[in-house]
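Contents: one structure, followed by commentary.
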Amino acid sequence: MEPKFLCFGELLGRLSPEGDQRILQTNRFSLTYSGSEANVAMLLGNLGMDVSYVTKLPQNDVGEAALRALRAHNVQTGHVLRGGARMGLYFVEKGMSARTSNLIYDRVGSSFASISPDELDWDELFRGVTHFHFTGITPALSDACAQACLDACRAAKEKQIVISCDLNYRAKLWSVEKANAVLATLLPYVDILLSNNAEIEQLFGIHTENYEELADELKKRFGIESVGTAVYSIRDHGTLLDWAGVLSYKGQLVQSRNRYTIQVLDPIGGGDSFSAAVLYGLARQMPLQECVDFATAASVLKFTISGDVDDITPADVQKLLHSKDFLNR
Amino acid sequence: MEPKFLCFGELLGRLSPEGDQRILQTNRFSLTYSGSEANVAMLLGNLGMDVSYVTKLPQNDVGEAALRALRAHNVQTGHVLRGGARMGLYFVEKGMSARTSNLIYDRVGSSFASISPDELDWDELFRGVTHFHFTGITPALSDACAQACLDACRAAKEKQIVISCDLNYRAKLWSVEKANAVLATLLPYVDILLSNNAEIEQLFGIHTENYEELADELKKRFGIESVGTAVYSIRDHGTLLDWAGVLSYKGQLVQSRNRYTIQVLDPIGGGDSFSAAVLYGLARQMPLQECVDFATAASVLKFTISGDVDDITPADVQKLLHSKDFLNR
Amino acid sequence: MEPKFLCFGELLGRLSPEGDQRILQTNRFSLTYSGSEANVAMLLGNLGMDVSYVTKLPQNDVGEAALRALRAHNVQTGHVLRGGARMGLYFVEKGMSARTSNLIYDRVGSSFASISPDELDWDELFRGVTHFHFTGITPALSDACAQACLDACRAAKEKQIVISCDLNYRAKLWSVEKANAVLATLLPYVDILLSNNAEIEQLFGIHTENYEELADELKKRFGIESVGTAVYSIRDHGTLLDWAGVLSYKGQLVQSRNRYTIQVLDPIGGGDSFSAAVLYGLARQMPLQECVDFATAASVLKFTISGDVDDITPADVQKLLHSKDFLNR
Amino acid sequence: MEPKFLCFGELLGRLSPEGDQRILQTNRFSLTYSGSEANVAMLLGNLGMDVSYVTKLPQNDVGEAALRALRAHNVQTGHVLRGGARMGLYFVEKGMSARTSNLIYDRVGSSFASISPDELDWDELFRGVTHFHFTGITPALSDACAQACLDACRAAKEKQIVISCDLNYRAKLWSVEKANAVLATLLPYVDILLSNNAEIEQLFGIHTENYEELADELKKRFGIESVGTAVYSIRDHGTLLDWAGVLSYKGQLVQSRNRYTIQVLDPIGGGDSFSAAVLYGLARQMPLQECVDFATAASVLKFTISGDVDDITPADVQKLLHSKDFLNR
Amino acid sequence: MEPKFLCFGELLGRLSPEGDQRILQTNRFSLTYSGSEANVAMLLGNLGMDVSYVTKLPQNDVGEAALRALRAHNVQTGHVLRGGARMGLYFVEKGMSARTSNLIYDRVGSSFASISPDELDWDELFRGVTHFHFTGITPALSDACAQACLDACRAAKEKQIVISCDLNYRAKLWSVEKANAVLATLLPYVDILLSNNAEIEQLFGIHTENYEELADELKKRFGIESVGTAVYSIRDHGTLLDWAGVLSYKGQLVQSRNRYTIQVLDPIGGGDSFSAAVLYGLARQMPLQECVDFATAASVLKFTISGDVDDITPADVQKLLHSKDFLNR
Amino acid sequence: MEPKFLCFGELLGRLSPEGDQRILQTNRFSLTYSGSEANVAMLLGNLGMDVSYVTKLPQNDVGEAALRALRAHNVQTGHVLRGGARMGLYFVEKGMSARTSNLIYDRVGSSFASISPDELDWDELFRGVTHFHFTGITPALSDACAQACLDACRAAKEKQIVISCDLNYRAKLWSVEKANAVLATLLPYVDILLSNNAEIEQLFGIHTENYEELADELKKRFGIESVGTAVYSIRDHGTLLDWAGVLSYKGQLVQSRNRYTIQVLDPIGGGDSFSAAVLYGLARQMPLQECVDFATAASVLKFTISGDVDDITPADVQKLLHSKDFLNR
């Protein structure tokens, strides 16, 4: 059976000053459309997967423009709900050296955050679906959103759909305590957990050195069989990023053969790209080593692309995998 | 005593696609800062008046950027409150011929709409103030905002501050019935009412042909002494606008000597400019004829300027008043 | 059965100088993706129709970007062939008053023009399709393209698919004689012919005053049952356009109730929009009067939108149909 | 002998806000390079004439960029002097309807205005030259510039070079009295005078109705044999311009067969284009009627092109001359 | 008593090519408003200080736009003189690696450089002022400007206003000899001298290794009690900048605890920011260590911001001071 | 005799996404005009050489715009042929770190590639010429182009014109085998061969360590007397480029005294700049060491400039040669 993905989450408008300007300095902004789950969906679409997105958007031309962005990235929008007060937004000011990025959320009262679980008929939505993806951001938005995630997990589990979740802890949305309590109800449904070394430490108090222990611990706590982790650190006065991937899949641990050292054009969405590419590789039944290498390379590319979305084709990943210039073994 | 204005209302971010693009077509937007009362304040500042603005803005760089816009226009910001969830926004897509403008409000849950009347100490705010201006938009935003307007009117009346109000009826914010009920509590405090021929008909059921009767009627109903009205109509398949001003001041009626026929670059804020310029003329004790001529010319210029704000100097108005090319007596 | 459209033709890159600049003056261009049949497909997608596009694009990122444009407009791209030498391009310099538009074709040797009829398996492509649309541009590109059109018409006719053709005579591509000869082999398959008053005169030597006679004549010559015609003229020193629609459907003639007088932002694609909207109305079985009114209004909007594509939603058409300001009965 | 033009005058940087913005509103400007005499030279270059420019530019990259602009327009720069304090500049804010254009000179102390007559060896400069062009702006800049004009006229006259002068009276540079006094020393050398109906009235007190009388009068006063005049008026609330040409050549008077009614994109340089195109036509020995028709059409195009320079090819003029849509006989 | 700053100097228009273009390559420039003393004033305004600017600007819209920039940055403009010939300008082309920045002054004959000392009534201007700031650029512009500085220093000294001066030696404006002679008349009035290690060496022949000796020497020569010095060097083939601060305040010497290694987006104005932030810290009576740390961090941020002005809020500085990623102890 | 260069090759339109965008992401492109031989010609023009370009461009405004670019760079265009189907184009997407540049040729069927050798009268074209330059790209385009190169070489040799050739092997245009075969007929005419270390290895199987041996080998094989070689390598994860020059001139070998380590803004055209600057130095009879140092510095600057063309003045090279900051001896 061909894999068919369904991703569920908010789709936000992203407002960024053009060029190197600060929010304080300019009146010129780009308005693009993204969000963690949408970024995953759009990379899956870019890679040629059959993928559909479920969200709620206001019934106006801004909502319409957001649909266009999804479709352009090969994501099906037939299940998108329309209505509610507004599109969630966020402002992103790109940082530079000592001036770090500035991210301002403006998602209060959005159509998606105000969704009612009743609006979502998961039996209908999951027709033909083989993979369901959500992140820790959605349950953080509202109790209704958390309930919708739980509903979705239950329905998916019944239909033996593979469930993946990217932790994506956002301190601006909820406390570690609240996150732990809510996620404890959702993680037992999850087959594949995605995360990065920074948030694993923050949420679970584990500083990842031994990824086998980490995988064992997550299996013990939540029964999670597989974990994909992006491992990174900053170098050379903030001018370079070290990036590598680790995948523990049903007891088997592999690390990306390459550890990349790169300049960063836009850091947002790097983790989403790693998640999407891991899911892509697993769904296409790549050998694990190939899968983590592919996911690491695909997400490395994201850091060199402006915007949240990893605007690549599979050929771009192959080009990087076969290049010799950017590796730091 | 030198006039000192205080304007009270929301300050919104305005998002407009660049150039001739539709919201559906582009990712490039300008983000400027405006709002009916703020537009009045900024034109007063442009004309050299001592003017201060009272609003509430979120404590982030978008709020900071909005303050910069006020200050650039010579408006004092020392009384602006900071805090709350978000800046109200609106999207404006410029129309063209058969494709009319598209305006999408995104002001739900804004810092200003969520203001508490207790945050505003009108005795303190009105120190040294001679003129207070608000519009019918603010009481439409929330009950608290309506209460704040009432508090302000009472305090201003006590201090013998001249109170002006621009009706600015917005069907997207409240019904005619609700507007009538709430305005009925505020208009009795108002000394100078500002409006245009379209909304006078819509709100009060009066089609303005005889402005003396209109002024009499408003005096009878609300005790309003003075009324400034912008009179307009569309011509030549929507390519031209006819624009003129009427001022009824304490029983004396004058009409602008010129009736302008103009092309419109950006229609938003034309009425605000007429209001501000009438208030400026009266505060500077211009002869009534001169005052209405000045206000008409100043607001005509707004239609030729992009953005809500009438970005002019007094010299620009004089230039138009002494030009011979654009009149349509 | 729900209508399902398949459009067949080239997809070109359109290079236009930004703003009001001439090609001679600037280095800044917009690159968008369009073409007569693609414009029809994209408007059908914008209006919510199930529509698929068949073309051939080079296997590079420019081809990929073109696919994105189709998808953004809700057009399915699963049948697009990839390969060949290059994407066809054209340069468009927007005219202004006495300086008329400048259009430079650069489509020689394109992947589509070099297509082989064998690459197209029409039985497969037409699975589930109810409506097939092509234009007189495709057979003008190469003998192979003309053959492909003929193959498609035969296959469609067999499957009782409704066949529509927009004449779209382009003097830069072929002579009137060649066009007449080739079209004579194709038009007998056509159910719905679309055209405008200028090219009907040029190709068939008929100056349309009496549209019933025109329809009769086309039925006699080619057996065409239905004809949609956009009727236009230029007014006021080139500053305004008069635009109306006529539809002769199986012997019944209706004219649009409104004749619009509008300013033109971008003239290209106006006829394509009329065609697409007529096809949409007929496929949705609108009453004929409603259909021609809708198509006339939808295509009027195109003239106010930059680019070839009528970037509208159905709501935009309704807004214009219920507006009173832009009609010229 | 092939005509070879030499034009003498300042070359200024022109700073204009992008799009529809006012100087007050934006930080984005275009910097292009122009000036009345340079505009003439650049149109001559565009039309394929052999033309050289004499001016003085500062020895920095702004001066270098200005040279590039001349060369791009096919104007030879081998005689341009380098040095001095600065490039003269001017700010141009495009007007719109009731808001008229705003032009701010910033040319004080420029390298050209500070030129010394000794720097110019006219014998050397005029080698091979058949036509010399200057305007009334240059003698207005400084006494040295006036002296340079006189030197040039004397040297040109000796060499039987055809001397043309565009009056170009600028009230911001000198008074009518001063202009009359200085021009009185220069005009006796002039063979072809170029002007427009507004400035002829302003400078010589003649309201041009009878162009033969005008030509006679100019011949009587200054011995000028030939006069080219652009005749214009504003229509329809400033939205349209009427434009026609008159040429009195050695006693023979012709008027352009077409009188154009056009929308104006950028008014600056229209007169320069008329002058250049008259000189071109005469130098190429066009029949007089053809010459004035060509010049009128070429200058009409300028009004539809942004910037001072008439960025056209000869083909553009032919296209307009053979078009039927924009004439107002 | 709350500190109230008055800064005195030119306000220039800065013309920079957009993006990475050279002056030779592009017609698109940004026009912003800055100048060493204005940069200090605008950072003081950004930090919330009460600050006023004294300069002279031409009476046109460019001058008006410059006023807007000051006000946007919270700088009072009530004392700005209007008139004179022109606004001083300068062109800045951003360098990149081996291609160093290109700065072209175009300030000859500016309104400010042509100021008369009589236009400035320092008794009036200094009403309520506690801190006066000027730089070594102003006396370099003209004898009148030097005289105005001397007048200001005398008046300030009488009123016990704290006087600060940034050396800002500009070789393009005057020789070291002339600078030494003129500064010798001004420095005895100065309480706080600001400078950087490069110009201290150039002007006074001291290579700063021992800052105590430097402070002693400056005290001996000019009686200056306090000196703030920005210490920098270039690293890694010009890709990184090392930056630290030293403050000798009334005999007490402190160095910034952090030495930053950063990438540079725009080098201009870094020293001005250090000066402004030192003055801010001292005026707010920060402990010396905190003051120099704050000033170092605030000026580090400037290098990451485009334009001359340090467009930050106090929160940005705190964010950097508490970050761990960009330090190089 | 003053050197007079003639360069022969294609002139292409280069389409690049603005800023950091990918082709997939944006509709905004810059269209500039370049090509290896044209880049050489334009740098020669920038450096003040007398240089003419021979190519063929279509007879439309895109071809006209390309001529303007040549002229702006001081290149004579009197010999450019007009006609043919189209201008060759190429798309360049700037890479960034792990995402390498993407170059898509779109030059099939261009006017130049379709040139007929008969259109070129080399006796006429070479009148007064002292130096002829072509590259290995031209013979790769078509047999006719290869023939034209051979014709030119023969004619040039007869006239004792110095012939230079930049190898410029392009794997996208022909195989190594084909290249070897064709170049073997051309290289015997060549006096000065230009190349870089990467392609020398690829084409001739020589990894350049000993440049004397290399020069000897080339002399043996083809009789080439002089060879200029740019030697480079990538460093620090692709963030830096090492660049140096070697020149073997009639048996004498010199290496650039500086080896530069630089950041790269735009890599295209670096080799062309080295070639042009070597030819310039030799033509001006610079001492060899000075010549190779100049050429190395001039080409280093290219890497810091956007676009293919080395948009510099001689002063820029001098500035770099006398700077101390960017060298890596």
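Labels A, B, C, D, E and F are assigned to the chains in the order they are written; within every chain, residues are numbered from 1.
Simple rule for what comes next: a contact is a pair of C-beta atoms (placed from the backbone, for glycine too) under 8 Å apart; a residue touches a chain by one contact, two chains touch by 3 or more.
Given the structure is predicted, the values throughout are model-derived calculations rather than measurements.
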| item | value |
| --- | --- |
| Those chains which touch chain F and also touch chain C | A, D |
| Where chain A and chain C overlap in contact partners, by chain label | B, F |
| Per Cα centroids, the chain farthest from chain D | A |
| Reference chain B; chain at largest CA-centroid distance | F |
| Centre-to-centre distance between chain C and chain B (centres being mean Cα positions), rounded to whole Å | 45 |
| Whole-Å gap separating chain A and chain D, where each centre is the average of the chain's CA atoms | 62 |
| Chain B and chain E: spacing of chain centres that average the CA atoms, whole Å | 40 |
| Residues of chain C engaged with two or more neighbouring chains | 19, 22, 24, 61, 64, 68, 313 |
| Pairwise chain contacts under the document criterion | A-B, A-C, A-E, A-F, B-C, B-D, B-E, C-D, C-F, D-E, D-F, E-F |
| Interfacial residue positions of chain F with respect to chain A in the complex | 19-22, 24-25, 95-100, 234, 237-239 |
| Residues of chain E defined as touching chain D within the complex | 15, 18, 22-24, 27-32, 60-62, 64-65, 68, 85-87, 89, 91, 93, 102, 104, 106, 108-109 |
| For the chain B and chain D complex, residues of the former touching the latter | 19, 240, 260-265, 300-301, 303-307, 311-313, 316, 319-320, 323, 325-326, 328 |
| Touch list for chain B against partner chain E, complex | 61, 64, 68-69, 71-74, 313 |
